[in-house]
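Encoded as structure tokens, the structure appears first; notes follow it.
By written order: A, B, C and D. Residues from 1 in each chain.
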């Protein structure tokens, strides 16, 4: 038992706050948008040059001139704005976004992230991921707790090429939620356990150093 | 000084030769200079150095030039799902320099703005930083990134006036405005050319000074991922 | 997250204290945040560090703060004809850092864009280059210029929507868009606040993400040099 | 006898070409616009954020939101565009302008320019002058040949603080026209004499090294 991908996304949505400007990565992070609480205004940034990204359009309103960073057709909202890639990354690099949620292959206990290439496999490029982790005020990774080979993805030190060094503030895995002090040298802090996951499960599947610091009221989703 | 050309071939006339560097606007297939790419293919120019955020798909966008083996080197942030590009890359037939998307945008802007280099935090501690100068500002480490320039920039805008002032539409803007500034010659293909005075000067995204040649193109505007929701359905957010 | 405030005083509430750094938009008296300047004067905040292309005139614009001796240090490209500013400068009562206009604009942009420093040719071989790192790129010498940031940016736009998306009019744009990006808190005063959706998203100059507080101001728009031609006269070019 | 200020401006206008993007400095350089040949399109840049600067407006069309870098009210043309100061100086620094015409206090034989401050007098700031001379493709100075104290303004080495080093391509003075090889170490080349000015006049009032290289067909205005 552990969180499903949708449950991970739902948990990640709890990191959003009213008025936040946020960038959601491609894949699982995109699903977080489905769990923004009713009535909360979160302005989504699309790094190809848009703030105020709206939902998928109705079929008869599809516009090839309006796509997101995942190349999907989308819609605009009353408060949307468009701009160049240079401006878009001034927003990213300049620390104007409150939060980014990204997928991950490995996260180290000090907040290093690897999510863009696997040696031996063809690298497709880092896209905007390196810019996002370097620039956004708070970076959260959502991912499975273990990889397809059953190995831990929370590690002492990443074995894959990095996307960023000491950049991640929080990891939400299928097994729980971990806080990282990316500027310090302490262990991760396990603050929540996914429903049905035991401390023993975590111990068995985590390479990174961590301490258990469960917040009573937040145990389980 | 007439900037208006009949079509892509006439706009490119006298400018191309093997081995030149070309910046090509667009993000995925959105806002790409379809007509100039097709003309470059037709002209058969070889050993191109391409600077572009992505390289199209198999058979469309810059993928056309890749398919025809006209491309020697690519500076890009993401290769996309282009299988033939991947094959040539793995076979060592095409060289690729990966640069983070924001760094790519800023390197291009710097190239147009007379800034030879700038410092950024993006890529510190990664392969991107290897061999680059590191410097500490206010206790944080940054790396030095160099400007990019091209011989020709091919870009796509929505409207132009006869002076070459450009307006983009929605997310087609992306890399086009900065690329317009960073090449020896900039060619803009547009959906409509209007007389001077028809575009409100406060709405101009790219001033005509950056644009050397313009022509009215025809656009397929292929969609890479056609996503939509049903009118009846509960709103799903992208 | 309501960004709309009643007036300049309410928008500045809780933000000011002696010794803070303020960026103020405008070029001469064109596109200046008249209302926020007046409010800073009213609040009596002291020892201000001002970053502005020019410092107004005696009795108007930033000149008001200079006259009231609220200004300790100015980073500027041109002092203008402000006599009291000149007097305080010569008397050593106010410190001035002169920075070339383009370098000033770029330093501010860099401050908002997460770029701590960049190289430029501007000022090489002049007093501006003294004490700065020099570096050669492609055989030419450049100097390293540092980013600028402020505690508060006070800017002027024509229209805002309730999200803080801004549109400027004609040459009032100048330093305002970049200053909006380079401060901890940005306050925009505008001539009109409209509901979201009334501004075409392709016409927005400054996205609302850069703007924290907005209010509708009242504007004198004093003209520094009123030049015109007679309807009968032969056209003279400015 | 020598060129008047208006004659200097008229001579400077001959450096303009069809389709040029040009920046004219404050003062005498501004007058050059009055001598743009009929039918020639020259797009004027105003460094406060405009291309396509038009003439002074009619009195009933004065708009305080539309001024030039000299803070004068101006008008727009059908092909005008507005932009930020950052964009304006990308145009300047990036070498996109074909020509700038500036005033000068001193110009050295290798193309150094001093035109922004006099030690002991209050400096008002360099404005955009340092950016223009560093960035524009071709820089022309228009000025009197001698200063108010009767001293030469064309000098071996500037005594005043510089605006730019090896930046000026041509100087048009009240006495004639001088070309400068700003990248080399040769003398200036005197290519035109103003009406009524003799080579002896030039010799008596020029500190800079120069050679006489008059272009026959261009003598006098």
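One rule holds for everything that comes next: contacts are C-beta pairs under 8 Å (C-beta built on N, C-alpha and C of every residue); 3 or more make two chains touch, one makes a residue touch a chain.
As the structure is a computational prediction, the values presented were derived from the model and not from experiment.
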item: Comparison of C-D and A-C (more C-beta pairs in contact); value: C-D
item: Interchain centroid distance [CA atoms averaged], subunit A/subunit D, Å; value: 55
item: Interchain centroid distance [CA atoms averaged], subunit B/subunit C, Å; value: 32
item: Inter-centroid spacing, subunit C versus subunit A (mean Cα positions, whole Å); value: 36
item: Centre-to-centre distance between subunit D and subunit C (centres being mean Cα positions), rounded to whole Å; value: 28
item: Multi-chain contact sites of subunit B, meaning residues that touch two or more partners; value: 106, 109, 113-115, 120-121, 168-170, 201-202
item: Residues within subunit A bordering two or more other chains; value: 76, 82-83, 89, 92-93, 134-135
item: Set of all touching chain pairs, with the criterion as stated earlier; value: A-B, A-C, B-C, B-D, C-D
item: Residues of subunit B touching subunit A in the complex; value: 27-31, 53, 76-80, 86, 89-90, 98, 100-106, 108-109, 120-128, 158, 168-178, 205, 221-231, 235-238
item: Complex contacts: residues of subunit A adjacent to subunit B; value: 30, 33-34, 36, 44, 46-50, 53-59, 61-76, 82-86, 88-89, 92-93, 112, 122-131, 134-135, 161-166
item: Footprint of subunit C on subunit A - complex, ascending; value: 18-19, 21, 41, 43, 45, 51-52, 76-83, 87, 89-97, 134-135
item: Touching residues (chain side subunit C, partner subunit A) in the complex; value: 1, 109, 112-115, 161-163, 165, 181, 195-197, 201-202, 204, 207-210
item: Residues of subunit B that touch subunit C when the two form their complex; value: 106, 110, 113-121, 135, 137-138, 140, 142, 146, 167-170, 201-203
